[in-house]
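The following pair of complexes shares a single chain, chain A, combined with chain B in the former and chain C in the latter.
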Partner chain A sequence: MSKQINVALIGNPNTGKTSVFNALTGLNQKVGNYPGITVEKKEGICKLPRGVKAHIIDLPGTYSLNASSLDENVVIELLLNKNDKDFPDIAVVVSDVENLKRNLLLFTQIKDLEIPTLLVINMSDRMLYKGISLDIAYLEEHLQTKIALISTRKNEGIDHLKNLISNFKDMSVVPCLSASEIDQDYFDSLRKAFPNQLLYKLWLVITQDVNFGKTDRNQIEAVANFKTKSKGDLKRLQQKETIKRYQFINNVLKKGQTIDVSQAKDLRSKLDRILTHKVWGYAIFFVVLLTIFQAIYDWSSVPMDFIDTVFASLSEWAKNMLPGGAFTNLLAEGIIPGLGGIVIFIPQIAFLFLFIAVLEESGYMSRVVFLMDRVMRRFGLSGKSVVPLISGTACAIPAIMATRNIESWKERLITILVTPFTTCSARLPVYLIIISLVIPEGRFLGLGYQALTLMLLYLIGFGTAVVSAYILNKILKIKSKTFFVVEMPNYKLPMFKNVALTVIEKTKSFIFGAGKIILAISIVLWFLASYGPGDKFDNAEAIVKSEYRTQHLSKEELQQKIASHKLEHSFIGITGRAIEPAIRPLGYDWKIGIALISSFAAREVFVGTLATIYSVGSDEEETIKNRMAGEVNHILGGPLFTFASGISLLLFYAFAMQCMSTLAIVKRETNSWKWPVLQLVIMTVFAYIVALIAFQFLK
Partner chain B sequence: MQDTLAHLKRGEKGIITDVSSIHIPLKLLEMGCLPGNSVQLVQLAPFQDPMYLNINGTHLAIRKETASHVLIEKIADE
Partner chain C sequence: MNTIIQNILVFTAMAFAISFLVKKFFWKKSKAKKACGGDDGCGCH
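And now, the complex of A and B:
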C-alpha cells in the first residue's frame, strides 16, 4: 500500500466542516456518489508534512451516530465497517467554538468506537467576540485527544492541524466515556455473547432505525444466549445515553471553558427580529427571490448574448475555412451549435448556484424554513420542503436529493413528487428564447415585461407544485410520524472560497453531466437531418429544380428551397411529420415536434435541436433567434412563433415531465417504479391539455 | 396542569423538567433539550407555529405538537 492515510471529516451541520475540507484540499477535490445511493461523496487529497499524503473524505453533517436519515447513515456505515477501503486511520471531528457542548456529543460517540479521533475547534476568531476562553491542555487531557484550534476564515491553525493528522499513530484510542455505563447488565450480556466485537459498535447496530445493517442485527438477535430488549426499552436507553454523555461533557467544560457573557455581542437577535418578522420576514424573502430572478434574466443576458454571437461566428468560420465535406458539416452544423447550446447555460447556472450557496452559507435558509413551515404544512409539505423547491429552480436532481433531511416519509414523498414542477434551469433557455420571440420589450415599474413573464412562469411552476401537493396530501393514505427539528445557526458572512468552490463544482458537474447528453443528441440529430431514405431525399435538387422551372428564382432562393425539401424528407423530417397531427392543435409544426421528442431525454436539448435543425442547409450567419422569428407556419400561414403558440409552448414546458435523469433519481429515492411512472404520465398529459387550451383560446 | 414548552410566550424562559415522552424525537435530546437545561422562546412564526427556541445556547425550531410533550417549569424574567 502507498503511504496515503485515510482521514474522515465528521461534524455537526453548520460547523464549517466544508470550510475545513476546502482549506485542506483546495482544488484537489472531487464530488461523486456513494455506490448505490445518491448521497454526495466529497473527497480530496491533502499534502501533509514529511511527504505524507492524506486522502480526505468530507462526510455528511450529523448531530450524532443515531442516524435518522440516509445522509447520516453514510457516516455510521463507514465508521462501523473496518473493511471499507475508506475506513479512516483517523477521524477528525470538526466543532465550532460557540456550540462546543453540542458538538462534543458526537465526539464522545466516535471515541467510543476506539478510532483515533482528533478534535478541531473551528471559528476561533469568534471567541473574543463571544467572550469565550478555552483551557486546551485541560480539554485534551479529559477528552483523551489532541485539539486543533483553528479559524478557516482567518486561515489560522491549518498547518498545526495538518501536523496533528500526520501524527495519527500517536493518538489515544481510549474512549472518554463508555456507553456501557447506562446499563451494565445489558452490556455485560452483550459482551458475553460477542466476545470479539466492539461493544459500542454492537449497541449502534442494535439501535439504528434506518434500513441499515439488517443482517447484522438479525445475526445478533439469532444468538440464543442473549436477551433482547423491546423497542421502547431501547429508546429509553438511548435517551439515557444522551443524558449521560451530556453530563460528562458539562463536567469537562465546567473547567475547560469559560464564557464571559458580558463580552458577548448579539447580532443574531437583532437580525432575527427583522428576518423572522411576521411581515418583514416574508417581504424580505420575496425581495430575495425577486433579485434572484432579475439576476438570472437581466444580468446574465449580457454574457449570454456574447456567447451566442461567438458560437454563430465560430460555426461560420469553420464552414469557410475548412475543406468541404461531411466532417466539416458535422463540425459546423452539429458539434459547434451543440456545444453552444451547453455553454450558453453557464452564466445563469452560475448565478443561481451563487445565490443558493450564499443563502445556505449565511444561515438565512434556516430562517426561511422556519417562516414557511406552517404555510407549507397546510399543503402536506414541510418547512424543509422550501429548500428542495428553491434548489429545484437550479435542477430537480439535487433538489430531490435534498429532501433527505425531511423526517416524515409522507412529507418527503410529496416533496419529491411535486419538485419537478418548479422551474429548473434546463427550462430556462427554452423560456428565454420563446419569451424574447413572443413577448414585447418594454418596462413596467422598472421591470421588463420579459422579466415579469419569466417571474410569472416561476410562480406558475411553484404554484402548481403547491397545489398538487395539496391534492396528493388528500389522496395519499400514508401514516407516518412527523417531527421537525431545525437548527437555527448563527448568521455568518459567507466565505468567498466556499461559495466560489460550490459554484464552480455545480456548474462543472452540470456542464459535463448534461453537456454530454446534449452534445450526443446534437450529433445524432445532425445525422438524422442530413440523411434520408429514398428518392425524394437523394434527388432533392432535381425535383426542386423541375418544380420551380417556370418561376425565376434567384440562386439563393433555389438553394433554400432545396435545403428545406431535403430536411423535410430526411429521417428527422419524416419523424416530425409523423407526430405533427398530434401537436398541430397546440400550434406546433413538425420542427418543434422534433425538438419536443428530443427533449424528452432532457429539456435543455430543445434549443440545441432547433439550432441544429435551422442551421442545416443555410450558409448565412444568423443567430438561432432571428431564424426562429422568420419561421412560417406552413398550415395557418403567418409566423410560426406567435403569442398563442409561444404561450402554449411555454406552458407545455412548464408542466411536462421531460427529464430522464429526474425520473431515474425519483426511482432511486422512492425505491419503486410506481412514482416516477405516475409522474411521467400525469405531468405530460396535464401539460398537453393546458397547452391545447391555451393555444385554442389565444389564437 | 403542568406547563410545557408549548405554553411559553415570546421572550419567556423556563427550565426543562421532563423529556421522557415517547413522542419526543431523540434528535431533540441530542440537540440539548434535556432536563435541567434552560429554555427561552425567541420567536414564533405566524400562526404561533413553529417555535424558535434557545435551549442552553442552541438555537432551534420545532413544531408546537412536539413542544407540547416537553415538560418545563416557567421562570420569571429578572
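And now, the complex of A and C:
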C-alpha cells in the first residue's frame, strides 16, 4: 500500500495558489483574481515520486496568521491542531515573485510553528518583465527551507515541486524568528507556565480573537503562575512581531533578491489608468457587459435550437416506439421534456461563465471591484461586497458564503440580505424563455432588443441590491468599522486550462445540481398532472363526449378536449385552480402558478415545469417555446404569454426569493431564522407588487 | 401485464423522486466534524 501524506497549500490571495493546486491535482477548481475567492477548503490527490501520494488541501488565501475574517480562521485552525486528520505533514507556502517580501511574512509565521514548510515562488515567467532576479541558494540557506521556483502558466517547475514535497522529512523545522525576541520577559513567563508547549503556538492562541474564543484564552489566563497582558499590550506586541519579521525578511532579501527597475517593461500602470478611470472605467465596463450579453444571444442560438428540436423528437420517438402505457407517457411527457427544459440552456450558461472566467483570469475583475468600491461606499457597502454580488451572477449560495471575508458584521449581513437580488444563473433560463416569447427580435444600434432586455434585467437586479443595501444601512442599527483593501493582480492572458475548467465545472454543476431536482420534480408533476381524484377525472372521456355531442369535433380535437379536461381535474389542476385567484391579477393562469410553486425548489425548474405541464396531453412534436407560445389565456382570451404578462413574470422572478437553498444558506450564515424569513417575506411581497403594477399598467 | 409493469415503474419512479426531494430539502444533515477536534494541548479546547 502506498503512503499518503497531508500537504497544505497556503498563501496570500492572488499568488496563483489555486493554479498550483490545479497543476498538482488536475482537479476542477475555480481560479480567480479578486481577493477572497477561495472561501471553502478544497482537496485533491497528487501522485509524487517513489509511489507516495499527497492529499493536497487548498486553504483560503490569507495575508498572515493574524486572522481578521472567518475564512482566514480555517488556516489557523488547521495549523494549530495536530489531532486534525488534515493536519499537514508539510505546509507549502505559495508566493508570487513580484510580492515576495509581503508573502514571506506568512511564510515565516508558518515556519515558526515548526511544521516542515516549503516555499513556492510562483509566476517565475514574470521575472524578466519586472527585472527581478533571485539567488535561490542564498534564500534557501537563510530561510532554512527548500524553494521551488515555478510558473504554473508555463507549467515549469512542477516536477521539482513534487520532488521537494516527497522529501519533506529532510526539511528543517528551525523557526525564522525566536518568539522570545518579541518580548523576553513575557515569553519567559509563558514558557514557565507551559513548559511543554510551543511558544509561538501559545502566542497565536492568546492573540486570536475569533477562532478559539475567550474560553481558550481564559484557560491560559487561568493558570496561576502566568500573568497575561491587556488587549492593548497584546496588540502592541503583535505589531512588534510584524516589525521583527519584516526586519528579518528585509535582511534576507537584500542579498537574495535583485530588482532592476530599468529592465522592467510595465504596461500595467497605463492600463490601470484607463480601466479604473472615473469616467472611462465605467464606460468600458458597460461596453464589456453589453458585448457579453449580445454574444450570449448570438452565439448560442444555433445550438439551442438544435437541442430543442432533438428533445422534441426524442419525446415523439419515445411515444411512438415504446409500448404504450403509463411509464411511456411518463418518459415522453414528463422526464424528456423536463430534462430538455434544462439542457437547452447549456450553451448560454457556458458562454456566460466563459466570459466571467476570462474577466477573472485576465485580472480585469479586480479592477471592477476597485472601480465599484467608489459606488458601493455611497450605499453603505464595502468594495468587498462586490465580490459576492458579482459571484451572485453564478449562484447566490457560494456568493453568500463568499461574504465571510467581510470583516464588518453589518456590511456582511447587508451583503447577505441583498445578494439574492443579483441575477443568478438559475434565473437565466426563466428570463431567456420569457424574453424569447414576448420581446421582438429587432435590433437597436446593432444590439438586439432581446439582449438589451436581458442586460436590463441584470442591471435591475444589481441596482435593486444596491438600493436595498442603502435602505438597510439606514435601518439596521449595528455598530461596526471596516476598511477596504484590494489587491490588483497583474494583467495576464487567461490560461486556457483554468477558463475551460471553470466553464466545465459551472456547467456541470448546473446540469447535475439542478438537473436532479428538475428530473425529480418533473416526475412528481407528471404524476400529479396525470392522476386525479373523483369522477370528473376518471370519467373525463364520457363527460367530454357528452358535452360536445352536438358539435362535430374531429378525433384530434376531441382528444385535446379530453386531455385538457383531465389536466384541469388532476391533482395539479385542482391545486393550480386554488391559487389562481391570487395570481390572476398578475396575468398568470393556474399553470404558471404551479410553475411558480415548483420553482421555489430551484428557479430554473420553472421552464421544466411548464414544459412538463404543457406536454401532458399533447400529441404533437413541438418545441417548448412553441407550446408556450400557443397557450391561451382562458380568462382574457388571446395568448397567455403577452408583453404585459411576460414583463410581469420577468419582474416577479427578478425580485422574488424563489430559492429554498438560498434561504437555508442565509440561515446558516446568520445563525438565525429571523433574516431568511424576513428576506422571503419582503422579497416576495415586493415582487408581487411590482409584477402586479407592471401587468396592470401594460395590459 | 404490460399495464401492470408500466404502473409499477411509474409508482417506483414517483417514490424515488419524492424520497430524493425530501432528502434534498427536508432531511437534516448531520453536522460535520469540527476542524479543531481533539485535545493536544493546543489550548483551543
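Heads up, the rule we're going with is that the second predicted complex is superposed on the first by the 679 of 699 C-alpha atoms of A that agree within 3 Å, B and C clash if a C-alpha of one lies under 4 Å from a C-alpha of the other, contacts with A are read in each partner's own complex, and residues count from 1 in each chain.
Keep in mind that, in the parts below, a residue touches a chain if its C-beta (ideal position, glycine included) is under 8 Å from a C-beta of that chain, and two chains touch if they have at least 3 such contacts.
Quantities reported herein were computed from a predicted structural model and do not represent experimental measurements.
In the superposition on chain A, contact is made by A:520 with chain C only, not with chain B.
Once chain A of one complex is fitted onto chain A of the other, the partner contacts of A:138 are absent, as it touches neither chain B nor chain C. Within the superposed three-chain model, A:101 lies in touch with chain B and out of touch with chain C [touch as defined at top]. By the touch criterion defined above, A:235 lies against chain B but remains apart from chain C after alignment on the C-alpha atoms of chain A. Applying the stated contact rule after C-alpha superposition, one finds that A:243 touches chain B and leaves chain C untouched. In the superposed model, A:470 makes contact with neither chain B nor chain C.
By the touch criterion defined above, A:81 lies against chain C but remains apart from chain B after alignment on the C-alpha atoms of chain A. In the superposition on chain A, no chain A position is in contact with chain B in one complex as well as with chain C in the other. By the touch criterion given at the top, residues 2-3, 5-7, 9-10, 13-14, 16-18, 20-21, 24-25, 35-45 of chain C touch chain A in their complex. Residues 74, 77-78, 80-84, 86, 196-197, 201-202, 205, 211-212, 216, 219-220, 323, 325-328, 330, 516-517, 519-521, 523-524, 527, 601, 660 of chain A are the ones that touch chain C when the two sit in their complex. On the side of chain B, the complex with chain A involves touching residues 19-20, 22, 25-32, 34-35, 42-43, 45-47, 49-50, 52, 56-63, 65-66.
Contact residues on chain A toward chain B in their complex (touch as defined above): 63-64, 66, 68, 98-99, 101-102, 105, 232, 235-236, 238-239, 242-243, 246, 268-269, 272-273, 276, 278, 366, 369-371, 373-375, 383, 407, 482-490.
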